[in-house]
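Here the chain labels run A, B, C and D in written order, and each chain numbers its own residues starting at 1.
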Amino acid sequence: MTGKTIEELNPGDSAHFTKTVSESDIYLYAGISGDLNPAHIDHEYASNTFFKARIAHGMLSAGFISAVIGMKLPGPGTIYREQNLKFLAPVHIGDTISATVEVLEIDPERKIVTLATRCFNQDKTLVLDGTALVNPPRKR
Amino acid sequence: MTGKTIEELNPGDSAHFTKTVSESDIYLYAGISGDLNPAHIDHEYASNTFFKARIAHGMLSAGFISAVIGMKLPGPGTIYREQNLKFLAPVHIGDTISATVEVLEIDPERKIVTLATRCFNQDKTLVLDGTALVNPPRKR
Amino acid sequence: MTGKTIEELNPGDSAHFTKTVSESDIYLYAGISGDLNPAHIDHEYASNTFFKARIAHGMLSAGFISAVIGMKLPGPGTIYREQNLKFLAPVHIGDTISATVEVLEIDPERKIVTLATRCFNQDKTLVLDGTALVNPPRKR
Amino acid sequence: MTGKTIEELNPGDSAHFTKTVSESDIYLYAGISGDLNPAHIDHEYASNTFFKARIAHGMLSAGFISAVIGMKLPGPGTIYREQNLKFLAPVHIGDTISATVEVLEIDPERKIVTLATRCFNQDKTLVLDGTALVNPPRKR
(Lines give C-alpha, C1' and ligand atoms only; values in the text may rest on other atoms or scores of the structure.)
Protein backbone atom coordinates (compact mmCIF):
# COMPACT_ATOMS: atom_id res chain seq x y z
CA MET A 1 0.00 0.00 0.00
CA THR A 2 1.99 2.94 -1.28
CA GLY A 3 1.05 6.30 -2.67
CA LYS A 4 2.42 7.92 -5.79
CA THR A 5 6.15 8.53 -6.06
CA ILE A 6 7.51 11.85 -7.27
CA GLU A 7 8.06 10.30 -10.71
CA GLU A 8 4.39 9.37 -10.92
CA LEU A 9 3.12 12.88 -10.18
CA ASN A 10 2.43 15.65 -12.67
CA PRO A 11 1.39 19.26 -12.26
CA GLY A 12 -2.39 19.43 -12.45
CA ASP A 13 -3.00 16.01 -10.88
CA SER A 14 -5.79 16.33 -8.37
CA ALA A 15 -7.86 14.38 -5.85
CA HIS A 16 -10.58 15.19 -3.38
CA PHE A 17 -12.58 14.05 -0.37
CA THR A 18 -16.09 15.21 0.50
CA LYS A 19 -17.95 15.05 3.78
CA THR A 20 -21.03 16.67 5.25
CA VAL A 21 -19.95 18.19 8.56
CA SER A 22 -22.16 16.96 11.37
CA GLU A 23 -22.72 18.31 14.85
CA SER A 24 -21.08 15.17 16.17
CA ASP A 25 -17.94 15.86 14.10
CA ILE A 26 -17.66 19.27 15.73
CA TYR A 27 -18.34 17.95 19.21
CA LEU A 28 -15.92 15.06 18.94
CA TYR A 29 -13.28 17.34 17.46
CA ALA A 30 -13.83 19.79 20.31
CA GLY A 31 -13.21 17.00 22.78
CA ILE A 32 -10.13 15.66 21.03
CA SER A 33 -8.49 19.02 20.40
CA GLY A 34 -9.55 20.70 23.61
CA ASP A 35 -10.96 23.60 21.57
CA LEU A 36 -14.20 24.12 23.46
CA ASN A 37 -14.56 27.68 22.24
CA PRO A 38 -18.24 28.61 22.65
CA ALA A 39 -18.43 29.50 18.95
CA HIS A 40 -18.31 25.73 18.37
CA ILE A 41 -20.29 24.20 21.21
CA ASP A 42 -22.55 26.88 22.72
CA HIS A 43 -25.65 27.48 20.63
CA GLU A 44 -26.81 30.44 22.77
CA TYR A 45 -23.48 32.19 22.58
CA ALA A 46 -23.06 31.43 18.89
CA SER A 47 -26.51 32.78 18.05
CA ASN A 48 -25.29 36.19 19.15
CA THR A 49 -22.09 36.17 17.11
CA PHE A 50 -21.51 37.54 13.64
CA PHE A 51 -22.01 34.02 12.24
CA LYS A 52 -25.39 33.55 13.99
CA ALA A 53 -24.84 29.84 14.68
CA ARG A 54 -22.27 27.37 15.90
CA ILE A 55 -19.49 26.90 13.36
CA ALA A 56 -16.98 24.14 12.77
CA HIS A 57 -13.37 24.53 13.81
CA GLY A 58 -11.25 25.75 10.92
CA MET A 59 -8.82 22.95 11.67
CA LEU A 60 -11.58 20.40 11.11
CA SER A 61 -11.72 21.34 7.44
CA ALA A 62 -7.93 21.33 7.37
CA GLY A 63 -8.14 17.69 8.40
CA PHE A 64 -10.00 16.85 5.21
CA ILE A 65 -7.00 18.18 3.27
CA SER A 66 -4.78 15.92 5.31
CA ALA A 67 -7.09 13.03 4.40
CA VAL A 68 -6.63 13.63 0.68
CA ILE A 69 -2.85 13.97 1.03
CA GLY A 70 -2.51 10.90 3.24
CA MET A 71 -4.96 8.68 1.41
CA LYS A 72 -4.85 9.70 -2.24
CA LEU A 73 -2.42 12.36 -3.46
CA PRO A 74 0.34 11.42 -3.04
CA GLY A 75 -1.13 8.85 -0.56
CA PRO A 76 0.37 6.40 1.94
CA GLY A 77 4.05 6.92 2.60
CA THR A 78 3.92 10.69 2.08
CA ILE A 79 5.77 12.87 4.60
CA TYR A 80 3.83 16.02 5.37
CA ARG A 81 6.26 18.94 5.67
CA GLU A 82 4.33 22.17 5.70
CA GLN A 83 0.79 23.44 5.42
CA ASN A 84 -0.35 27.04 5.06
CA LEU A 85 -3.99 27.75 5.75
CA LYS A 86 -6.22 30.75 5.18
CA PHE A 87 -9.62 30.48 6.79
CA LEU A 88 -11.90 32.39 4.44
CA ALA A 89 -15.48 31.52 5.34
CA PRO A 90 -17.29 29.76 8.16
CA VAL A 91 -18.42 26.14 7.97
CA HIS A 92 -21.80 25.44 9.53
CA ILE A 93 -23.36 22.22 10.75
CA GLY A 94 -24.73 20.43 7.70
CA ASP A 95 -22.37 22.03 5.19
CA THR A 96 -20.84 19.59 2.72
CA ILE A 97 -17.13 20.29 2.39
CA SER A 98 -14.99 19.12 -0.51
CA ALA A 99 -11.27 19.18 0.10
CA THR A 100 -9.30 19.31 -3.13
CA VAL A 101 -5.59 18.82 -3.56
CA GLU A 102 -3.76 19.65 -6.78
CA VAL A 103 -0.11 19.28 -7.72
CA LEU A 104 1.39 22.73 -8.36
CA GLU A 105 5.14 22.21 -8.55
CA ILE A 106 7.55 19.31 -8.41
CA ASP A 107 11.15 19.73 -7.23
CA PRO A 108 12.89 16.45 -8.08
CA GLU A 109 16.17 17.47 -6.45
CA ARG A 110 14.75 18.27 -3.04
CA LYS A 111 12.09 15.55 -3.51
CA ILE A 112 9.46 18.12 -2.60
CA VAL A 113 6.06 18.60 -4.17
CA THR A 114 3.98 21.74 -3.70
CA LEU A 115 0.25 21.19 -3.51
CA ALA A 116 -2.65 23.62 -3.79
CA THR A 117 -5.03 22.73 -0.97
CA ARG A 118 -8.55 24.10 -0.90
CA CYS A 119 -11.91 23.40 0.73
CA PHE A 120 -15.20 24.42 -0.83
CA ASN A 121 -18.70 24.15 0.58
CA GLN A 122 -21.80 22.95 -1.29
CA ASP A 123 -22.26 26.43 -2.78
CA LYS A 124 -18.73 26.39 -4.22
CA THR A 125 -17.63 29.02 -1.70
CA LEU A 126 -13.93 28.73 -0.95
CA VAL A 127 -13.81 28.27 2.81
CA LEU A 128 -10.15 27.32 3.19
CA ASP A 129 -7.22 28.04 0.91
CA GLY A 130 -3.55 27.21 1.15
CA THR A 131 -0.58 25.23 -0.01
CA ALA A 132 1.24 22.21 1.31
CA LEU A 133 4.77 20.86 0.91
CA VAL A 134 5.21 17.11 0.98
CA ASN A 135 7.78 14.42 0.27
CA PRO A 136 6.04 11.74 -1.76
CA PRO A 137 6.81 8.11 -0.93
CA ARG A 138 9.93 6.58 -2.45
CA LYS A 139 9.89 3.75 -4.93
CA ARG A 140 9.74 0.33 -3.32
CA MET B 1 -17.28 35.12 27.86
CA THR B 2 -14.89 37.17 25.80
CA GLY B 3 -11.21 36.85 25.02
CA LYS B 4 -8.62 39.59 25.14
CA THR B 5 -9.06 42.61 22.90
CA ILE B 6 -6.15 43.93 20.88
CA GLU B 7 -5.64 46.64 23.50
CA GLU B 8 -5.22 44.00 26.18
CA LEU B 9 -2.51 42.07 24.33
CA ASN B 10 1.23 42.64 24.50
CA PRO B 11 4.12 41.06 22.65
CA GLY B 12 5.44 38.20 24.72
CA ASP B 13 2.09 37.24 26.22
CA SER B 14 1.74 33.48 26.08
CA ALA B 15 -0.58 30.62 26.93
CA HIS B 16 -0.56 26.88 26.47
CA PHE B 17 -2.56 23.67 26.47
CA THR B 18 -1.14 20.24 27.17
CA LYS B 19 -2.56 16.81 26.40
CA THR B 20 -1.27 13.28 26.29
CA VAL B 21 -2.19 11.92 22.87
CA SER B 22 -4.08 8.66 23.20
CA GLU B 23 -4.75 5.92 20.71
CA SER B 24 -8.42 6.86 20.91
CA ASP B 25 -7.62 10.49 20.00
CA ILE B 26 -5.89 9.27 16.85
CA TYR B 27 -8.64 6.79 16.00
CA LEU B 28 -11.45 9.27 16.53
CA TYR B 29 -9.58 11.91 14.58
CA ALA B 30 -9.06 9.44 11.74
CA GLY B 31 -12.79 8.81 11.62
CA ILE B 32 -13.75 12.47 11.79
CA SER B 33 -11.23 13.66 9.21
CA GLY B 34 -11.41 10.65 6.93
CA ASP B 35 -7.63 10.31 7.16
CA LEU B 36 -7.33 6.54 7.58
CA ASN B 37 -3.75 6.53 6.32
CA PRO B 38 -2.19 3.26 7.53
CA ALA B 39 0.57 5.24 9.25
CA HIS B 40 -2.11 6.18 11.77
CA ILE B 41 -4.29 3.07 12.14
CA ASP B 42 -2.29 0.02 10.98
CA HIS B 43 0.27 -1.17 13.51
CA GLU B 44 1.78 -3.77 11.17
CA TYR B 45 2.28 -1.27 8.35
CA ALA B 46 3.54 1.43 10.67
CA SER B 47 6.10 -0.92 12.25
CA ASN B 48 7.79 -1.10 8.87
CA THR B 49 7.94 2.63 8.31
CA PHE B 50 10.72 5.05 9.19
CA PHE B 51 8.86 5.98 12.38
CA LYS B 52 8.53 2.32 13.52
CA ALA B 53 5.07 2.81 15.02
CA ARG B 54 1.71 4.40 14.40
CA ILE B 55 1.92 8.18 14.60
CA ALA B 56 -0.65 10.87 15.23
CA HIS B 57 -1.94 13.01 12.39
CA GLY B 58 0.04 16.26 12.19
CA MET B 59 -3.24 18.13 12.10
CA LEU B 60 -4.17 16.64 15.46
CA SER B 61 -1.36 18.62 17.10
CA ALA B 62 -2.40 21.65 15.09
CA GLY B 63 -5.76 21.37 16.78
CA PHE B 64 -4.14 21.97 20.15
CA ILE B 65 -2.87 25.31 18.85
CA SER B 66 -6.39 26.14 17.78
CA ALA B 67 -7.51 25.27 21.30
CA VAL B 68 -5.12 27.79 22.87
CA ILE B 69 -6.11 30.52 20.41
CA GLY B 70 -9.83 29.88 20.76
CA MET B 71 -9.87 29.36 24.50
CA LYS B 72 -7.08 31.51 25.96
CA LEU B 73 -5.04 33.78 23.74
CA PRO B 74 -6.79 35.83 22.57
CA GLY B 75 -9.73 33.53 23.45
CA PRO B 76 -13.48 33.54 22.65
CA GLY B 77 -14.47 35.98 19.94
CA THR B 78 -11.18 35.67 18.05
CA ILE B 79 -11.38 35.30 14.29
CA TYR B 80 -8.77 32.87 13.02
CA ARG B 81 -7.32 34.21 9.76
CA GLU B 82 -4.24 32.22 8.87
CA GLN B 83 -2.11 29.41 10.22
CA ASN B 84 1.24 28.25 8.89
CA LEU B 85 2.43 24.85 10.04
CA LYS B 86 5.75 23.03 9.80
CA PHE B 87 5.58 19.41 10.88
CA LEU B 88 9.02 18.76 12.36
CA ALA B 89 8.84 15.52 14.31
CA PRO B 90 6.39 12.64 14.70
CA VAL B 91 3.96 12.36 17.61
CA HIS B 92 3.49 8.86 18.97
CA ILE B 93 0.71 7.33 21.04
CA GLY B 94 1.37 8.34 24.65
CA ASP B 95 3.36 11.49 23.86
CA THR B 96 2.38 14.53 25.89
CA ILE B 97 2.08 17.56 23.63
CA SER B 98 2.19 21.15 24.85
CA ALA B 99 0.84 23.70 22.43
CA THR B 100 2.17 27.17 23.16
CA VAL B 101 0.99 30.42 21.67
CA GLU B 102 2.90 33.68 22.07
CA VAL B 103 2.10 37.17 20.84
CA LEU B 104 4.73 38.26 18.31
CA GLU B 105 3.37 41.40 16.68
CA ILE B 106 0.35 43.62 17.01
CA ASP B 107 -1.00 45.68 14.11
CA PRO B 108 -3.60 48.01 15.62
CA GLU B 109 -4.61 49.47 12.27
CA ARG B 110 -5.46 46.22 10.58
CA LYS B 111 -6.57 44.78 13.95
CA ILE B 112 -4.33 41.81 13.30
CA VAL B 113 -2.13 40.00 15.80
CA THR B 114 0.67 37.64 14.77
CA LEU B 115 1.19 34.66 17.05
CA ALA B 116 4.05 32.21 17.33
CA THR B 117 2.48 28.76 17.55
CA ARG B 118 4.50 25.75 18.59
CA CYS B 119 3.99 22.23 19.89
CA PHE B 120 6.57 20.44 22.00
CA ASN B 121 6.54 16.86 23.22
CA GLN B 122 7.50 15.70 26.73
CA ASP B 123 11.20 15.73 25.77
CA LYS B 124 10.99 19.40 24.71
CA THR B 125 11.34 18.38 21.07
CA LEU B 126 9.67 20.90 18.79
CA VAL B 127 7.20 18.79 16.82
CA LEU B 128 5.24 21.59 15.17
CA ASP B 129 6.23 25.19 14.46
CA GLY B 130 4.41 28.03 12.81
CA THR B 131 2.66 31.33 13.05
CA ALA B 132 -0.94 32.42 13.10
CA LEU B 133 -2.76 35.62 12.19
CA VAL B 134 -5.88 36.45 14.17
CA ASN B 135 -8.35 39.28 14.77
CA PRO B 136 -8.84 39.50 18.53
CA PRO B 137 -12.35 40.11 19.80
CA ARG B 138 -13.63 43.68 19.90
CA LYS B 139 -14.49 45.51 23.09
CA ARG B 140 -18.02 44.85 24.25
CA MET C 1 -23.67 -12.84 34.57
CA THR C 2 -24.61 -15.71 32.30
CA GLY C 3 -27.06 -16.04 29.47
CA LYS C 4 -29.49 -18.86 28.89
CA THR C 5 -28.16 -22.38 28.46
CA ILE C 6 -29.44 -24.58 25.67
CA GLU C 7 -31.69 -26.36 28.18
CA GLU C 8 -33.31 -23.05 29.08
CA LEU C 9 -34.19 -22.12 25.50
CA ASN C 10 -37.35 -23.02 23.59
CA PRO C 11 -38.42 -22.43 20.01
CA GLY C 12 -40.37 -19.20 19.84
CA ASP C 13 -38.47 -17.47 22.63
CA SER C 14 -37.70 -13.94 21.52
CA ALA C 15 -36.02 -10.73 22.60
CA HIS C 16 -35.38 -7.36 21.05
CA PHE C 17 -33.43 -4.11 21.21
CA THR C 18 -34.61 -0.80 19.78
CA LYS C 19 -32.65 2.32 18.95
CA THR C 20 -33.23 5.48 16.95
CA VAL C 21 -30.32 5.75 14.52
CA SER C 22 -28.65 9.14 14.83
CA GLU C 23 -26.35 10.98 12.50
CA SER C 24 -23.63 10.57 15.10
CA ASP C 25 -24.13 6.77 15.13
CA ILE C 26 -23.52 6.73 11.38
CA TYR C 27 -20.55 9.07 11.55
CA LEU C 28 -18.88 7.22 14.41
CA TYR C 29 -19.53 3.91 12.69
CA ALA C 30 -18.01 5.27 9.48
CA GLY C 31 -14.88 6.21 11.40
CA ILE C 32 -14.60 2.93 13.26
CA SER C 33 -15.24 0.72 10.26
CA GLY C 34 -13.42 2.84 7.70
CA ASP C 35 -16.54 2.83 5.53
CA LEU C 36 -16.62 6.48 4.46
CA ASN C 37 -18.73 5.71 1.40
CA PRO C 38 -20.35 8.98 0.34
CA ALA C 39 -23.79 7.38 0.64
CA HIS C 40 -23.22 7.60 4.39
CA ILE C 41 -21.34 10.88 4.93
CA ASP C 42 -21.94 13.15 1.91
CA HIS C 43 -25.35 14.81 1.89
CA GLU C 44 -24.89 16.33 -1.57
CA TYR C 45 -23.92 13.01 -3.14
CA ALA C 46 -26.60 11.08 -1.29
CA SER C 47 -29.31 13.52 -2.38
CA ASN C 48 -28.67 12.41 -5.94
CA THR C 49 -28.86 8.69 -5.24
CA PHE C 50 -31.88 6.40 -5.44
CA PHE C 51 -32.35 6.78 -1.67
CA LYS C 52 -32.37 10.62 -1.82
CA ALA C 53 -30.53 11.03 1.50
CA ARG C 54 -27.64 9.70 3.53
CA ILE C 55 -28.34 6.17 4.76
CA ALA C 56 -26.95 4.12 7.60
CA HIS C 57 -24.47 1.33 6.96
CA GLY C 58 -26.29 -1.99 6.68
CA MET C 59 -23.80 -3.43 9.14
CA LEU C 60 -24.89 -0.85 11.71
CA SER C 61 -28.32 -2.49 11.92
CA ALA C 62 -26.64 -5.89 11.99
CA GLY C 63 -24.90 -4.71 15.16
CA PHE C 64 -28.26 -4.34 16.89
CA ILE C 65 -28.88 -8.06 16.25
CA SER C 66 -25.51 -8.81 17.79
CA ALA C 67 -26.60 -6.74 20.79
CA VAL C 68 -29.70 -8.86 21.36
CA ILE C 69 -27.76 -12.11 20.99
CA GLY C 70 -24.91 -11.00 23.23
CA MET C 71 -27.01 -9.29 25.87
CA LYS C 72 -30.33 -11.15 26.00
CA LEU C 73 -30.93 -14.23 23.88
CA PRO C 74 -29.06 -16.33 24.68
CA GLY C 75 -26.96 -13.57 26.34
CA PRO C 76 -23.50 -13.44 27.96
CA GLY C 77 -21.37 -16.50 27.32
CA THR C 78 -22.86 -17.18 23.88
CA ILE C 79 -20.45 -18.01 21.07
CA TYR C 80 -21.53 -16.41 17.82
CA ARG C 81 -20.90 -18.88 14.98
CA GLU C 82 -22.64 -17.62 11.86
CA GLN C 83 -24.83 -14.77 10.69
CA ASN C 84 -26.61 -14.47 7.37
CA LEU C 85 -27.87 -11.04 6.44
CA LYS C 86 -30.20 -9.76 3.72
CA PHE C 87 -30.31 -5.99 3.46
CA LEU C 88 -33.87 -5.27 2.33
CA ALA C 89 -34.52 -1.57 2.83
CA PRO C 90 -32.48 1.53 3.64
CA VAL C 91 -32.21 2.98 7.14
CA HIS C 92 -32.24 6.77 7.30
CA ILE C 93 -31.08 9.17 9.99
CA GLY C 94 -33.84 9.31 12.58
CA ASP C 95 -35.31 5.88 11.84
CA THR C 96 -36.05 3.77 14.90
CA ILE C 97 -34.82 0.24 14.39
CA SER C 98 -36.02 -2.76 16.38
CA ALA C 99 -33.78 -5.80 16.20
CA THR C 100 -35.65 -8.98 17.07
CA VAL C 101 -34.17 -12.40 17.71
CA GLU C 102 -36.28 -15.54 17.92
CA VAL C 103 -35.30 -19.14 18.61
CA LEU C 104 -36.04 -21.25 15.52
CA GLU C 105 -34.31 -24.59 16.12
CA ILE C 106 -32.33 -26.23 18.87
CA ASP C 107 -29.77 -28.97 18.17
CA PRO C 108 -28.84 -30.40 21.57
CA GLU C 109 -26.21 -32.74 20.16
CA ARG C 110 -24.18 -30.11 18.35
CA LYS C 111 -25.11 -27.56 21.05
CA ILE C 112 -26.22 -25.22 18.30
CA VAL C 113 -29.25 -22.95 18.27
CA THR C 114 -30.63 -21.37 15.10
CA LEU C 115 -32.07 -17.89 15.53
CA ALA C 116 -34.28 -15.80 13.26
CA THR C 117 -32.77 -12.32 13.23
CA ARG C 118 -34.67 -9.36 11.86
CA CYS C 119 -34.65 -5.58 11.99
CA PHE C 120 -37.75 -3.48 11.46
CA ASN C 121 -38.10 0.28 11.24
CA GLN C 122 -40.79 2.41 12.91
CA ASP C 123 -43.19 1.64 10.02
CA LYS C 124 -42.79 -2.13 10.54
CA THR C 125 -40.83 -2.37 7.30
CA LEU C 126 -38.41 -5.29 7.39
CA VAL C 127 -35.03 -3.68 6.71
CA LEU C 128 -32.79 -6.62 7.54
CA ASP C 129 -33.56 -10.34 7.58
CA GLY C 130 -31.45 -13.35 8.34
CA THR C 131 -30.54 -16.21 10.62
CA ALA C 132 -27.79 -16.81 13.12
CA LEU C 133 -26.15 -19.92 14.56
CA VAL C 134 -24.91 -19.73 18.13
CA ASN C 135 -23.60 -21.93 20.93
CA PRO C 136 -25.43 -20.87 24.07
CA PRO C 137 -23.42 -20.66 27.30
CA ARG C 138 -22.86 -23.86 29.28
CA LYS C 139 -24.25 -24.45 32.73
CA ARG C 140 -22.03 -23.06 35.45
CA MET D 1 -17.31 9.41 -7.56
CA THR D 2 -18.47 6.01 -8.74
CA GLY D 3 -17.26 2.49 -8.13
CA LYS D 4 -16.71 -0.19 -10.73
CA THR D 5 -19.59 -1.24 -12.95
CA ILE D 6 -20.32 -4.91 -13.57
CA GLU D 7 -18.58 -4.61 -16.95
CA GLU D 8 -15.41 -3.41 -15.24
CA LEU D 9 -15.22 -6.33 -12.80
CA ASN D 10 -13.50 -9.65 -13.37
CA PRO D 11 -13.30 -12.81 -11.28
CA GLY D 12 -10.18 -12.61 -9.16
CA ASP D 13 -10.24 -8.83 -8.73
CA SER D 14 -9.51 -8.02 -5.11
CA ALA D 15 -9.13 -5.16 -2.66
CA HIS D 16 -8.48 -4.84 1.03
CA PHE D 17 -8.54 -2.56 4.09
CA THR D 18 -6.37 -3.00 7.16
CA LYS D 19 -6.79 -1.60 10.64
CA THR D 20 -5.35 -2.31 14.06
CA VAL D 21 -8.34 -2.80 16.36
CA SER D 22 -8.09 -0.49 19.35
CA GLU D 23 -9.83 -0.59 22.71
CA SER D 24 -11.60 2.61 21.70
CA ASP D 25 -12.96 0.95 18.54
CA ILE D 26 -14.52 -1.76 20.68
CA TYR D 27 -15.89 0.67 23.23
CA LEU D 28 -17.37 3.03 20.68
CA TYR D 29 -18.85 0.12 18.77
CA ALA D 30 -20.35 -1.20 22.00
CA GLY D 31 -22.00 2.15 22.56
CA ILE D 32 -23.29 2.51 19.03
CA SER D 33 -24.60 -1.03 18.68
CA GLY D 34 -25.82 -1.47 22.23
CA ASP D 35 -23.80 -4.70 22.47
CA LEU D 36 -22.38 -4.22 25.95
CA ASN D 37 -21.75 -7.93 26.40
CA PRO D 38 -19.14 -8.26 29.16
CA ALA D 39 -16.90 -10.26 26.82
CA HIS D 40 -16.26 -6.91 25.11
CA ILE D 41 -16.19 -4.34 27.90
CA ASP D 42 -15.56 -6.14 31.21
CA HIS D 43 -11.91 -7.05 31.68
CA GLU D 44 -12.55 -9.01 34.89
CA TYR D 45 -15.30 -11.10 33.35
CA ALA D 46 -13.38 -11.60 30.12
CA SER D 47 -10.26 -12.77 31.97
CA ASN D 48 -12.26 -15.75 33.16
CA THR D 49 -13.62 -16.73 29.75
CA PHE D 50 -12.19 -19.19 27.27
CA PHE D 51 -10.59 -16.26 25.40
CA LYS D 52 -8.87 -14.90 28.55
CA ALA D 53 -9.31 -11.26 27.53
CA ARG D 54 -11.81 -8.81 26.12
CA ILE D 55 -12.50 -9.51 22.46
CA ALA D 56 -13.86 -7.36 19.66
CA HIS D 57 -17.41 -7.79 18.44
CA GLY D 58 -17.53 -10.12 15.44
CA MET D 59 -19.62 -7.49 13.67
CA LEU D 60 -16.80 -4.97 14.06
CA SER D 61 -14.63 -7.02 11.71
CA ALA D 62 -17.63 -7.45 9.43
CA GLY D 63 -17.68 -3.67 9.14
CA PHE D 64 -14.20 -3.70 7.60
CA ILE D 65 -15.60 -5.90 4.81
CA SER D 66 -18.35 -3.35 4.31
CA ALA D 67 -15.64 -0.68 4.05
CA VAL D 68 -13.89 -2.49 1.21
CA ILE D 69 -17.14 -3.10 -0.64
CA GLY D 70 -18.39 0.45 -0.19
CA MET D 71 -15.11 2.22 -0.81
CA LYS D 72 -13.15 0.08 -3.26
CA LEU D 73 -14.69 -3.07 -4.73
CA PRO D 74 -17.05 -2.35 -6.34
CA GLY D 75 -17.04 1.01 -4.47
CA PRO D 76 -19.44 3.96 -4.29
CA GLY D 77 -22.85 3.27 -5.80
CA THR D 78 -22.85 -0.42 -4.90
CA ILE D 79 -26.03 -1.86 -3.41
CA TYR D 80 -25.29 -4.38 -0.70
CA ARG D 81 -27.73 -7.28 -0.97
CA GLU D 82 -26.54 -10.13 1.24
CA GLN D 83 -23.68 -11.01 3.53
CA ASN D 84 -22.95 -14.38 5.08
CA LEU D 85 -20.52 -14.43 7.97
CA LYS D 86 -18.72 -17.22 9.82
CA PHE D 87 -16.92 -16.04 12.93
CA LEU D 88 -13.91 -18.35 13.15
CA ALA D 89 -11.48 -16.87 15.65
CA PRO D 90 -11.50 -14.10 18.24
CA VAL D 91 -10.09 -10.64 17.59
CA HIS D 92 -8.22 -9.10 20.52
CA ILE D 93 -7.34 -5.50 21.30
CA GLY D 94 -4.25 -4.67 19.26
CA ASP D 95 -4.82 -7.24 16.53
CA THR D 96 -4.35 -5.90 13.02
CA ILE D 97 -7.20 -7.07 10.81
CA SER D 98 -7.07 -7.15 7.03
CA ALA D 99 -10.43 -7.40 5.31
CA THR D 100 -10.11 -8.77 1.80
CA VAL D 101 -12.78 -8.86 -0.87
CA GLU D 102 -12.43 -10.87 -4.06
CA VAL D 103 -14.75 -11.21 -7.03
CA LEU D 104 -15.96 -14.83 -7.27
CA GLU D 105 -18.80 -14.81 -9.79
CA ILE D 106 -20.51 -12.31 -12.04
CA ASP D 107 -24.12 -12.70 -13.14
CA PRO D 108 -24.66 -10.08 -15.86
CA GLU D 109 -28.36 -10.88 -16.26
CA ARG D 110 -29.32 -10.37 -12.63
CA LYS D 111 -26.61 -7.66 -12.30
CA ILE D 112 -25.33 -9.52 -9.24
CA VAL D 113 -21.72 -10.10 -8.24
CA THR D 114 -20.69 -12.68 -5.66
CA LEU D 115 -17.73 -11.69 -3.51
CA ALA D 116 -15.52 -13.75 -1.22
CA THR D 117 -15.16 -11.76 1.99
CA ARG D 118 -12.53 -12.64 4.56
CA CYS D 119 -10.74 -11.10 7.50
CA PHE D 120 -7.30 -12.19 8.61
CA ASN D 121 -5.30 -11.12 11.63
CA GLN D 122 -1.59 -10.25 11.69
CA ASP D 123 -0.71 -13.96 11.98
CA LYS D 124 -2.69 -14.77 8.82
CA THR D 125 -5.34 -16.54 10.89
CA LEU D 126 -8.71 -16.43 9.17
CA VAL D 127 -10.97 -14.78 11.74
CA LEU D 128 -14.02 -14.19 9.56
CA ASP D 129 -15.11 -15.92 6.37
CA GLY D 130 -18.09 -15.43 4.13
CA THR D 131 -19.58 -14.28 0.89
CA ALA D 132 -21.49 -11.22 -0.20
CA LEU D 133 -23.93 -10.47 -2.99
CA VAL D 134 -23.91 -6.96 -4.41
CA ASN D 135 -25.27 -4.93 -7.31
CA PRO D 136 -22.38 -2.87 -8.66
CA PRO D 137 -23.10 0.72 -9.66
CA ARG D 138 -24.55 1.32 -13.12
CA LYS D 139 -22.76 3.19 -15.85
CA ARG D 140 -23.23 6.92 -15.66
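The rule is simple: a residue touches a chain if its C-beta (ideal position, glycine included) is under 8 Å from a C-beta of that chain, and two chains touch if they have at least 3 such contacts.
The shown structure was predicted, so the numbers you read here are calculated from the model rather than taken from an experiment.
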item: Pair joined by more contacting C-beta pairs (C-D or B-C); value: C-D
item: Chain centre separation in whole Å, for subunit D relative to subunit B (CA means); value: 35
item: Where subunit C and subunit D are represented by their mean Cα positions, the distance between them in whole Å; value: 15
item: Subunit B-subunit C separation of Cα centroids, rounded to whole Å; value: 41
item: Multi-partner residues of subunit C (each touching 2 or more other chains); value: 27-28, 32, 34, 36, 38, 41, 45
item: Chain contact topology (line, ring, star, complete or other); value: other
item: Interface residues, subunit C side, partner subunit D - complex; value: 1, 17, 19, 25, 28-29, 32-40, 45, 49, 57-60, 62-64, 66-67, 70-71, 76-77, 80-87
item: Partner subunit D, residues of subunit B touching it in the complex; value: 22-24, 27-28, 36, 38, 41-45, 54
item: Residues on subunit D engaged by subunit B in the complex (per definition of touch); value: 18-20, 22-25, 28, 94, 96, 122
item: Residues of subunit C defined as touching subunit B within the complex; value: 27-28, 30-32, 34, 36, 41
